[in-house]
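First chain A sits with chain B, and in the next complex the same chain sits with chain C.
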Partner chain A sequence: MKRFRFNQQEIVFAVFALLFLVFSIFLRGFLTPDNMLTLLQNVAVLGILGLAMAIVVIGRGIDISLIAALAVPPGLVLQMVQNGHSLPASLLTAVLLTIAFGLVNGWLIAYAEVPSLFATLATGLLLAGLGQTALFQLDVVQWSPGMDGFERLGQGTILGIPTSIWMFAIACIVVAFLLRQTRWGAYIYAIGDNPYAARVTGIPSRPIIVLQYVITALIGCFAGLVMAASVNSMPTRIFNSTLIYDVILVVVLGGIGLSGGRGGVLNVVIGTLVIGTMLNGMTIMDISYAGQNLIKGVVLLLAVITDSFLNPRNEETAQQGDI
Partner chain B sequence: MRDTLTSLRYRYWPDHLLGEILSKRWTETAIPVILLLIVGLALSRSIDNFLSPASLADTARQAGEIGFIALGLALVVIVGGIDLSVGSIFALTDFCALYLLDVLGWPVPAVVAATLLCGALLGAVNGILIGYLRLRAFITTLITLIIYRSAYDLLIQRYSNAIASAFPDIPSWDFIGGGSIFGIPTVALVYIVIAIFGHIFMTRLRPGWHITAIGGSRRSAYNSGIPVRRTIALCYVASGVLTSIGALFFASRLGTVGGDIGVGLEVIVLTATVLGGITLGGGKGSVAKSAVGVLIVLLITNGLTTMNARGGVNRMALAGILLVAAMVDIRWQKNRTRIISKVYVAPTYHALPPPPPTEIGQGGPFEQNDKLRNVESIGLGRIEAPEDVILDRHDNLYAGSRHGDIMRFLAPDYQKMEVFAHIGGQPLGMAFDREDNLYVCIGGMGLYRIKPDGTVEKATDETNRSMRSVNDDSRLRLADDLDITDDGLIFFSEATVRYEMDEWPIDGLEARGNGRIICYDTKTGVTRTELRGLKFPNGICVASDGQSILFAETFGCSIKRYYFAGPKKGKVEVVMDNLPGYPDNINLASDGNYWLALVGMRSPSLDLAWKMPGFRRRMGKRVPVDEWLFPNINTGCVVKFNEQGKIVESFWDLRGENHPMITSMREHRGYLYLGGILNNRIGRYKLDNSDPNFVQYDKRWGKQS
Partner chain C sequence: MKHFGNPTKAIVAALGLAAMTAPALAQQGLDEPFQKPFKEALAGKTVAYVPVAMNFDLTEGWYAGLKKELEPFGVKFVIRDANWNTNAGAQAVTSLISEKPAVMVVHNPDVQTYAKLLQRAENEGIYVIQINMGSAYRSSAFVGANWVEIGERQTEGVVKACEGKSNKIAIIQGALSAAASAYTLKGVENVLAKHPEIKVVSSQAADWDAAKAKAITQTVLKQNPDLCGIVGFWDGMDIGTAAAVKEAGLIGKVFVATSGGGERKGACELVKSGAFDLNMSYDVPTQAAQMAGTIKWLLSSGIKPGSVKGSEYTTLIPITKENADSQMACWNLSDLKK
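After this line comes the complex of A and B, so read on.
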């Protein structure tokens, strides 16, 4: 089984290479420096979100509210600066909001034992609704002079490579360190592999689950800041988009099984490359938004079906009511 | 003074009802209904015209449409899944209906059939993926949600103008959307019909039971031969069809294909389902719960809209309600049994005066001795838990066993043991009637009759239900001991109506009068309750006048006499009270007196605890069951008493080896036979000065040839 999963990574990488090759040959304007820059920048945000999602998926959870965490706290930063607050104070408020949000998610899932999909579906709506009603004046929060300098987080290049790619790389290193080098990371894998066994062996599973969702929300917020910096605004209606499916697609296609306990940063990188290439190609081909969604949906469905065959749910540890 | 207050408080305040109400299934539906009433009341006060017929009809139309979708989702949730794609299916089937009608110009019946088929197909995709390929329901329907939605978006880009420009004028189509019969909108009527069918389907028909079984435990359902995959798949198909019915009514009412039709619908319906009390994860739910949930959600969202709340507020309110409802539901399902077991035990005040002395040297009728030291053992190690022992006219010895059998030891040496009858429940008290039929009280089953040839028949297992009891007390939970009058009336005691056979000591902890005496008439077959509110009634024996019975109240520590006929009919007299132990079975002695077994002796600690109900309640909540303070049943004795309430003689086993606990004794031809529910033997004790020819039934009803 282990060899086979290694193959899955290779297969997905091969698909990416093939896709890239085909697009390069048949799509005019694909293999241009400009487009590559766009692709990489788009991919960066998706990749950071993929990392966030990977942490909870490895811990046998899922976080549908990630896009709310991406949109609302960074939107709050922009809004507060627009209203005359200083940038550090705004950032601090946003981070606190994000941590609080992660804590609510984690508490609901770990302590109130609401299924993660369900809990985050509702909290995502809650946070988005909060942003819509109480925090933002307009759907798109505009950049204001107070934010000057901050756009370097998402624009420009360092050593010839776009900054957002650096941000993705930094996020990768941080997450990889967390998952592979710290005890908490090992706990996350243990909980994802078999929550009951993890609990019995004395792992503080509930606090660790809360931690997962807090980290995920923080990374989501970071992705939002990078995104806002790169486009100089925060379109908060992104919450209504299908971005979350792209993120799940990245994780599942990359080979992190939804049943938990498997995969790592490398899987996210591979998944991101594939999805990024696919989305970019579809945009160049001028497929309509709905059409793109249709294609993404079908690909995601195929990926989930394949995943269910490659990583079948462990019936022994699958909870009754684990929907 | 304080004791009086405590006594009054516990006599008149019904503590035991809380646990009984909570353990009822209907409480889980009652809570959403109460919520609905509160919401309805609050809104009708704060919004004008909320209860006007026009407003109500409008609410009914919306409720009907959403109600269909909620029914489908309820089905899917009960089977253990979830369907998030309902909003998109709704949009697609709405489009399907309008496209067929407006653009292709199909006749209405064909449109209806095709739309339902479309819904079924869309649901079938979910069904095949989740039922047969066993994908996760949540993620799968999330994906189909997005696929169906994009398909819808693509379709309306092409056809929305064509649909918007058509104004079909078809009466039957308009009737579906806006018609009403007797003022009730069509959609509501159809919903009611389908809901009633759904209720019957879920509660009375085999497929409905299969669905609930799969939701309760998929693996067990599979192991018991239920076609799990097919049933699950069909549930999703049904969800698709029900959604398309809702969409049909919506299409005929509004006739539009806007871009946001059905967006977020899944959250509304899901909130309704969870709020109604249908458990996420499956196995529990009903049509009524679904309907109540829809009404609550609709009232709240409509109320918010009327009060001009901003769009986001509505969304937040829904999400918040959804979360709280899910949380409450999940915690309740997880802790239900624990909460009930904590509040179910409801101790009450029970004061007894200090008991008469039993120590050697103190004198008195209960003074301990060692008469039972050299009791003979019958069936040592071969019989388990002979609660009662009895001998027939041919001197054979019968005793119940814990394994659900009546064992027979054959005269004269009682060495040979055989199974006389297999019953399946634990036999307790026994008595022969005139025709040598053996009547047995079976714990948890009722009163049974065993013919001389060993065939077992049910005599009765239910009595009249009392109207003031929350627990259904028509079934017999713990029939304990019996005796048969000369006229063929069988009086038997039911020790408690609140606990099962294995929990009987907990009733002693409560010390409430939970028991009753029931009469079964062998001539008419009628069973009726004679006395209620007794503190663990146990032994029963017909008194010498033939018009009354003597009965023991174990935790009342008393013997009472109940007149069922004659001038004192209906009266209860105390024969003896404040016994030093807990009385059990009563049987006739050869000299016209009565034998009484004391199953355990009172202890100062429990006597004190009986006066402190709060203490016992705290103990029940905080201490694990096996460390509770229970009545002592490790030592006891046999006494002989007369009808005037005087103790004539007592028999003790000081070493406590042979018969530390005695629940029953039976005199027969100069010997006393002893049984005990925790013993592994039957005792036989030679009585001095007793009639060597005494046979209980010969004495009462004359010798049979």
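After this line comes the complex of A and C, so read on.
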């Protein structure tokens, strides 16, 4: 299986290299340092979300509620500061809310044994609904003077490189460390590869699954804070957008099989680069919205077909609520 | 007392006094004949409100404004939130037709979906008022912005700012399916047809999404650092557009025009900070007041629903640095709700 995984990664990398080459030759203004930074900056938040999704997908799950975790806790921070609370207190509340949310997700999936697809579909709606009815006054939560200084998380540059790219890099390092250097990371791979075998060998699989969803929610919240800082507001309605599909696209395109146990941070980075290059090139070419959707759809379809061709489903890897 | 020694004089004085006091004594009050039927026409009536979604400045503002104007007259105000779901909205309108409110205030998601339903509603005896986004069916009243005019005036602002500069502009559209976006684009085209020197380097849809608008604007600015103006289609989305301009260090060099409901945080404060150079506001409280006025007029007139049809296009307020500080240019949702 290992040989196949590298194949998938290689194919996507080849696609990326080809796209990059073609754009560099034929698109004036594509291959400039400035545009490269813009390209990365535009997909940084998507990349961070991809990392969050990768953790659960490697553990043979999926988290559809990720966008709710992106929108609601950071929205709560902005709303609380707007209502006169201090920034640290607001951040702490948001983090606690995120952890609670991750625990609910994890409990439902690990202990109540609800398939992750359905559990997170429901909890995502729940959290977004809670935000809309109880937490926010308006869909778009505006920046307020109490937040001043915090926008540096998503705006401006450090050493000439936009901050959001740094944030993506930091998230990459943290997740890579977690997955590759800690015992918990090894457990996640083991559970993703074969949950029953993992349990038999004595891995505490239920607590580890809960941990996965808590970490994913926290990374989602972090991505939301970077996004809010970057656009000076939190458009909480983003929950209703198709962003979640873009995140899955990044993960699958990068070569992390949906059947779990494979892939890592590098795959997310490659997936993000492919999407970033595509979006940037299409924006420079001024392709119409419908055309962009068509191209994105075809690429996702190709990626999913390649995935099921290289990582075929069988009785061992099939799971309830598989997508 | 010497004065009153003359009886004639005393009588005249007494008569004069009587003449002055008589009307006051005789006053029984005069009934204004039209206020009672007016009150009766309004009391206990139901007004149903179907916005595309609650929780954003426009729909919350209309809701607060209508409630404030109508509830004191005993009008029952019900709300059916479609929450960005066109199907849910159509269902809400359908069920309202059988519930028979006196008036329906409808915010269309597009031109076609509700058109037939609204016609049916008026045939069933329900007045229909459409707000900001009209449908293909012309009902008793339309209260709202003229999107074509918004597009024209924004573009005129951008074209003027571009004089003597690169003449390169970008357009950040909303969602392609939204008629408001398409109408605004028509307005943009109308002005551009008169100005062949202007070159549109990018015209993309950002789906009303600030993050997408920012990404597009960043890429466009990197390709065209000499861009002189951007026409954005909604201030809630163009926060992202403005953030990209700010990050590129081009505030003041790139003229950002946008439009919205004029809520203070989303409009005036962003104009003051330099994020937007022009925000065409369709002043939501005024729209709400006009809607309420129309409802009062329709209910008290007793005319048959659908027998008169008219429009009240909103007078736009261009918010610029000059008036962003004034109390009247923008409004606060929290104050409107009080």
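Basically, the second predicted complex is superposed on the first by the 285 of 323 C-alpha atoms of A that agree within 3 Å, B and C clash if a C-alpha of one lies under 4 Å from a C-alpha of the other, contacts with A are read in each partner's own complex, and residues count from 1 in each chain.
Basically, a contact is a pair of C-beta atoms (placed from the backbone, for glycine too) under 8 Å apart; a residue touches a chain by one contact, two chains touch by 3 or more.
Worth saying up front: this structure is predicted, and the values here are computed from it rather than measured.
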Partner chain(s) touched by A:248 [first = chain B, second = chain C, both, neither]: first
More chain A residues in contact [chain B versus chain C]: B
Contacts of A:35 with chain B and chain C, given as first, second, both or neither: second
Chain B versus chain C as contact partner of A:113, first or second or both or neither: first
Contacts of A:290 with chain B and chain C, given as first, second, both or neither: both
Touching partner for A:280 - first (chain B), second (chain C), both, neither: second
Which superposed partner A:125 touches (first chain B, second chain C, both, neither): first
Touched partner set for A:230, first chain B, second chain C, both or neither: second
Chain B versus chain C as contact partner of A:308, first or second or both or neither: first
Touched partner set for A:138, first chain B, second chain C, both or neither: second
Overlapping contact positions on chain A, where the chain C interface meets the chain B interface: 132, 288-290
Touching residues (chain side chain B, partner chain A) in the complex: 80-82, 129, 133-140, 142-144, 146-147, 149-151, 153-154, 157, 217-219, 267, 279-282, 310-316, 318-320, 322-323, 326-327, 330-331, 334
Of chain A, residues touching chain C in the complex: 29, 32, 34-35, 38-39, 41-42, 45, 132, 136-140, 142, 144, 155-156, 162, 227, 230-233, 235, 237-238, 240-241, 279-280, 283-284, 286, 288-290
Residues of chain C defined as touching chain A within the complex: 53, 55-57, 60, 84, 176, 201-205, 207, 209-211, 214-216, 218-220, 222-223, 236, 239-240, 242-243, 246-247, 265-266, 333-334
Partner chain B, residues of chain A touching it in the complex: 62, 108, 112-115, 117-119, 121-126, 128-134, 242, 245, 248, 258, 288-294, 296-298, 300-301, 304-305, 308, 313, 315, 319-323
